[in-house]
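Read the structure below first, then the notes.
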Amino acid sequence: MNNATKEVATLDVTTTSGGATKKADSRSVVLRVLFYLLVVVIIVFNLFPFVWALLSSFRPSSQLFSTQLLPTALTLDHYAAVFKDARFVAALMNSVIIAGSTVLIALALGSLCAYALGRLPFRFKGAVLYLILTMTMFPTISVLSGLFVMLKTLDLFNTRQGLILTYLIFTMPFTIWVMTQYFRSLPKELEEAAYVDGASPLKVFWDILLPLTMPGLVSTGLLAFIAAWNEFLFALTFTVTDTMKTVPVVISQFAGTTAFEQPWGSIMAGSMVVTIPLVILVMVFQYRIVEGLTAGAVKG
Amino acid sequence: MHTPILVLETPMNDYSHASRGRILPGSFLAAAAAVFMPAAMFAGVTIHFAGDSDVGEGGRWTKVVAQEWAQKTGNTLDYISRPNDASATLQLFQQYWAAKSGDVDVYMIDVIWQGIAAAHAADLKKYVKDDEIKDYFPRIIENNTVKGKLVSLPLYTDAGVLYYRTDLMEKYGYKEPPKTWEELAEMAKKIQDGERQAGHPDFQGFVFEGKASESVTCNAIEWVYSYGGGTIIDPDRKVTINNPNAIKALEEAKSWVGTISPQGVVSYGEEEARNIWQAGNAAFMRNWPYAYALGQDPKSVISGKFAATVLPKGGADGKNAACLGGWQLMVSAYSKNADAAADLVRFLCSAEVQKKRAVDLSELPTRPAVYKDPDVLAKNPWFANAVDILNNAIARPSTVTGADYNQVSTVFFQSVNKVLTGGETAPQAVSDVERVAKRIVK
Amino acid sequence: MIKEIDLYARQKRLAWFLIMPSVIVVLLIIAYPTIQVLVYSLLKYKLDGVTPPSFVGLDNFAFVLSDPDWWSAVSNTLIFTVVSVILESILGLAIAMVANSKFKGRTLLRVAILVPWAIPTVVSAQVWRWMVNDIYGVVNIILTDLHILPQKIAWLATPATALPVIIAVDVWKATPFMALLLLAGLQLIPKDLYEAGSIDGATKVRQFWAITLPLVTPTLLVALIFRTLDALRVFDIFYVMVGGQGNLATMAVYNQQQLISFLDAGVGSATSVIILVIIMLFVILYTRFSRTSFE
């Protein structure tokens, strides 16, 4: 039995096992149809508001709130307005840098810590885990003024580093908990062979365990990235100059002539543009979650 | 960066108004600027000004004008855009104020934040002479004066007005806009029924803001005042809300929900109401002046088919009410360059700049004299009515309650909202408000 | 033998080195704000710039705990949390299992399931608010066109209809979070177990209950903790969709009202501490219930 092969739990109705009878054949066709129906329902349910928002981003403003479902004309004005704003592009860059950095730091520090908590002997595991979790238990508004003062004192106010630091509040606990869980559930046999061979704990981590936790790393990384990307309150409060602003802040500043007016077309267009890098990121990384890894290193 | 000519570019969105693209000689503004700044008086300081988002037309316009000032005085302007949402803005500013930060010199603040901001504002009486102060609407200056300190100067003002569809009024045989709320209800019902029968099932008689937020505080205070029910707390700190007229006002408003106003009106803010109105689905709307220019946009369905006037009275012996809104400019008490900052404030609120603002952006000036200007009236004929409206505008009791205003407003808007949804009776509501208000002004 | 002890000691030492940086970073960031909240909760402190703070002991806590608005907020938050987390867990697991399978179009599915989570909350809350509007909202238009509804409903007008809508929006938004974590968790289950099960004649349903569910539970637990944490602190969705409506506040909305609107740092901080305690109770409940220990 090769426990090192991590494979998947599936609702696998698309491959018939050997020896299926004719009765099972027609049953499996029905199941397959139902399955695909389920897939369609899930996709529609998830994408409907997004598609509708996408459609709205192309609607002329005068038709945005008509009671007709479909627009009679389409326009690119909203996208033009969004891209004409040089700050939007700069904000995209900022968001990438800030979200990317906080995730990298969280994954780096976090997975090391998680490895220790998940596989090494240590007396105060529960205490550490709870301590780290407590970080995220305050409503964000409560820590806002404290962090504001702290950043100003440390001269990190209105800097990218300052914002990245505050984002660790939610990326680190999450990363540590998920990865700890991941490391814990890997079978012990994996390491034993390596230790017998004389490998150091760090080598075991790097060569064997870390690759196996790739699904966990990718999931955590994606979710943390998205959370940091969309974060609004800290980004708004801790940045002042345009060069430092992130995308959600810039979108919140889309205004008409007066602040009463919400330029929906531009807001929708901006949101679409903002979501696309995330979609690409998911497309690139999603297969790493499920393709599974084979730990060739442990064989033998 | 040298910008000798003030040019308003046409932004590429659908809200282009006819006024876009006008070029005005920079020399005009230069002359105005010269009145305020003997050259190089405040040699080369940087003034940080937090104003409307400069992505929007209003903010952009203000930024350009402020930069003109900076150039003329040899200073530098650093423009900081605030978020669109007023609450998010207040929250943000509060962080700066709590930290006594000198990062921002001039703040653009809402008319109801005077009490909250007072401790963090420089007293503008030090920088503005009395006869200059007299040039502004007295009600607004009164509102902006907290315990003798002039917290801010009014940049532009707002008041609740009644919008009505002139084409539909004509179609159903009405010659004049309604004078009382009862008349409005009658007209709205007739027009609504008629239009629905004519094939517009989504047509509504009257849309307004009923959402449990500051929006409904403004609407409700207009109803209450128009019936002679006072303004919750009067300037002598006496709680007046619990009276039969106020109760009558709220009951009248409740009667509109589900008859001439959609059920959802209890969750509408300004934009929801305007969305229905501007799509042509309402006969009457209560909203702020900003909706006027938007409705007159050539691409709008109702362009040229509506007008605005003062809100109706509560019964024949009621009064016309208009809730005072608008934004003000304050100088931070922690500013390191208060003189220059105050000068910028005076400049942006000056008569010349206000006139330009009225012509270019159709925003209401805060100086009565500007309303007589022929250019202003040519562009905004309906401003002729506005002076009366503004002279009688009612301020919410924010100045008298100071930093506690939000608590009063919260209990008021929650109670009113409950009346509108039927969760509470009007007498119960006003008594709840009275109880909390009394505790606060004690 | 000596080699074993040696290894053990090395591992212990290494553990300290690996854990300390994270703990230090955490402490550095959170120390000051936490202390500030704890201190302020014991003060009468109005942020109006003039009134100096004064010590009042547990008065603020007494105020909050005797405020009916607070308890209404707690009740809303708990109902919201329990219902949405349960729905999100069930749907999340179902979607994770579907996304795990090999079929054509699975990339589209895997991307699609993340989209709701990817759109900024303030934007999606506004979009939904727009979509459920009683006059021009697309939800009402479609439901009445299909004759599922006799007439358009003002969903956000009363708590009875607004709370389900808000929960639905949150389920829409947060199920991807659960689904993605559970998808990763499903990877930890060795396939041989399923093969063994099939050989023994167990049906797919039996395999789910006997194999999948028990083995995905640890991951489910972590996902549950974080999802519950977020749900108990929910703010944006309620604030954008129903604003300050009295009977539709959540704990975080109440907190924000005290702290920002009413400028009451004392009561606001006490509220924060109470929220912290409630969340801690939930976490302890989860770990007890699942009999998980960390050692």
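For clarity, chains are labelled A, B and C in written order, and residue numbers in each chain start from 1.
Following the convention adopted for this analysis, a contact is a pair of C-beta atoms (placed from the backbone, for glycine too) under 8 Å apart; a residue touches a chain by one contact, two chains touch by 3 or more.
A quick note: this is a predicted structure, and the numbers were derived from the prediction, not measured.
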| item | value |
| --- | --- |
| Fewest hops from chain A to chain C - one hop per pair of touching chains | 1 |
| Contact-richer chain pair [B-C vs A-B] | A-B |
| Inter-chain centre distance, chain A versus chain C - centres from mean C-alpha coordinates, in Å | 15 |
| Whole-Å gap between the CA centroids of chain B and chain C | 38 |
| Length of the line joining the C-alpha centres of chain A and chain B, rounded to whole Å | 41 |
| Set of chain C residues in contact with two or more other chains | 135-136, 260 |
| Residue list for chain B, restricted to those that touch at least two other chains | 91, 98, 202, 275-276, 279, 281 |
| In chain A, residues with contacts to at least two other chains | 65-67, 145, 149, 252 |
| Sites on chain B touched by chain A in the complex | 11-15, 52-53, 55-59, 78, 80-86, 88, 91-92, 95, 98-99, 101, 103, 202, 270-271, 275-276, 278-279, 281, 288, 290-291, 293-294, 297, 299-301, 361-363 |
| Footprint of chain B on chain A - complex, ascending | 60-62, 64-67, 75, 77-78, 80-81, 84-85, 87, 144-145, 148-149, 152, 236-237, 240-242, 249-250, 252-263, 265-266 |
| Residues of chain B touching chain C in the complex | 87, 90-91, 94, 97-98, 115-116, 118-120, 202, 204, 211-213, 262-267, 269, 272, 275-276, 279, 281, 402-404, 406-407, 410, 413-415, 417-418, 421, 423 |
| Chain B-touching residues of chain C, taken from the complex the two chains share | 46-50, 133-136, 153-158, 162, 242-247, 257, 260-263 |
| Residue ranges of chain C in contact with chain A within the complex | 7-8, 10-12, 14-16, 18-19, 21-23, 25-26, 29-30, 32-37, 95, 97-103, 105, 107-124, 126-128, 130-131, 135-136, 138, 141-142, 172, 176-177, 180-181, 183-184, 186-192, 194, 198, 204, 211-212, 216, 218-219, 221-223, 225-226, 229, 233, 235, 251-252, 255-256, 259-260, 265, 268-269, 272, 275-276, 279-280, 283, 293-295 |
